[in-house]
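All chains are identified by letter, namely A, B, C and D, in their written order; residue positions are counted from 1 within each chain.
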Amino acid sequence: MAKKVFEIEMKVRDYECDTQGIVNNANYLHYTEVTRHEFMESLGVSFYECHEAGIDPVVARADLHYKTSLKGSDLFLSSLMVEKKGAKLIFHQTIRRKTDNAVCCNAHIEVAILVNGKLSRGDYFDEKMKDYL
Amino acid sequence: MAKKVFEIEMKVRDYECDTQGIVNNANYLHYTEVTRHEFMESLGVSFYECHEAGIDPVVARADLHYKTSLKGSDLFLSSLMVEKKGAKLIFHQTIRRKTDNAVCCNAHIEVAILVNGKLSRGDYFDEKMKDYL
Amino acid sequence: MAKKVFEIEMKVRDYECDTQGIVNNANYLHYTEVTRHEFMESLGVSFYECHEAGIDPVVARADLHYKTSLKGSDLFLSSLMVEKKGAKLIFHQTIRRKTDNAVCCNAHIEVAILVNGKLSRGDYFDEKMKDYL
Amino acid sequence: MAKKVFEIEMKVRDYECDTQGIVNNANYLHYTEVTRHEFMESLGVSFYECHEAGIDPVVARADLHYKTSLKGSDLFLSSLMVEKKGAKLIFHQTIRRKTDNAVCCNAHIEVAILVNGKLSRGDYFDEKMKDYL
């Protein structure tokens, strides 16, 4: 059974490119974060309100494979699938250039959920994410 | 009578340069912020502890004049002088390339002090800064 | 006679906020840059292609007045008007929070045009921008 | 036989922290990049001059394990060891908080070397790095 995919369209900002004329590798982590936060927001969860309530998703591992480089003003599609693994949420994320669907980056992101600064069982978002798990 | 000057040495990080091969203009605001925070720290004031205590310096105005562009790995000197003007702290900041002392950026930064989210009389740091005012 | 205004809608990315929970001041420079580049693109001018062709707009001065702070996930409207002043382009830019139209930042940005690294007469974009000048 | 280690001391800049009050995950990629570039510079190789000469190291994979979070103004030690694996350079990088030596991030970074935009055999830096390989 296919997993449900969440996807947004984004566009490279020129300041995200470095001297090599391509998007600096660290910005792909930003793109994947924006995508996760938009995903959460689509489920009615605000990252900011979570933080105010003492619930902080934190990245425990980020494994990024870089394929094709994005350049200034490129449009791209950023998608994710999510699964539970113990107390962690595992996000499988892909960034593809819009013009030709070339994969730019595949990312495996593990997120732990802190509640009041302590590691939680991670079930805080289960009900909200049920269509995707 | 000459004002006392605070100065630190910094170095351009390559990711701070954009496609044009020069430091992106927004990073000069970062440099000036780092310099102010190091200045505060030299006076025994931690930006982080201030925030925890409900005291938040916020930039009300930033006026930057860009002269010579910094490039990747350039060393530079970042200096400041400070004065009080009503409830605001006014920082006169200069960034110079180390090799030839060329002025890269002159900045006039106005900082207001919020205490528990409200504008204060701004005298919170007066005693600490007395050698510089 | 009213000037023609260019405007885009943007959204705060959570990583653009700092420990104070508000958008870090340097990111407003990024927002204004994105807006200018989108403006240029709407006129058929690509920042990236310009650079490849040896034409580099560079910021000579940026004067930002900060009013209301943006927070994580806030939607905002970023607008600009442009005029010529000698060899420079002067951009009058405003960032307003979408929910209540509160002004967050007013920016006065002066841009010089380098052609093959040398200051030009700045008329390179006049024809393209004629509806806005 | 123990590998030779390269290490620098760095300090968290407050703007690198996000709303959670801790260094945003993407900045660890910046820290590891700065460390690799300082390493190269210690060997007499300038990232900027390499780019001008058509030689561009690009990150092919970055796998980061986040342990302890850094906060504003924290001092940390960023170290690396390097090995060759086929045409790639593999960097084993560690970031430790200075006060207590707590590991903040372990990173495995794979770098490919492009020469004039094409993947090279990766032996460009072998001679320079011989003490570390």
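Couple of notes before you dig in:
Assume contacts are C-beta pairs under 8 Å (C-beta built on N, C-alpha and C of every residue); 3 or more make two chains touch, one makes a residue touch a chain.
The model shown is predicted, which means the values in this text are computed figures rather than measured ones.
Considering the contact criterion stated above, the chains in touch with chain A and with chain B alike are C, D. More C-beta pairs touch across one of B-D and A-D than the other; that pair is A-D. In terms of the distance between Cα centroids, chain B is separated most widely from A. Residues touching across the chain C and chain D pair largely coincide in numbering: over half of the numbers involved belong to both copies. Each chain gets a centre from the mean of its Cα atoms; for chain A and chain D, those two points are 23 Å apart. If you average the Cα atoms of chain C and of chain D, the two centres end up 33 Å apart. The geometric centre of chain B is 28 Å away from that of chain D, both derived from CA atoms.
In chain B, the residues touching two or more other chains are 14-15, 19, 21, 24, 26, 30, 33, 47-48, 51, 72. Touching chain B in their complex are the following residues of chain D: 13-15, 21, 30, 33-34, 37, 41, 46-48, 51, 71-73.
On chain C, the positions that touch chain B within their shared complex are 19-20, 22, 24-27, 29-30, 33, 47-48, 51, 56, 58-66, 69. Put simply, chain D touches chain C in their complex at residues 14-15, 17-19, 21, 24, 26, 72.
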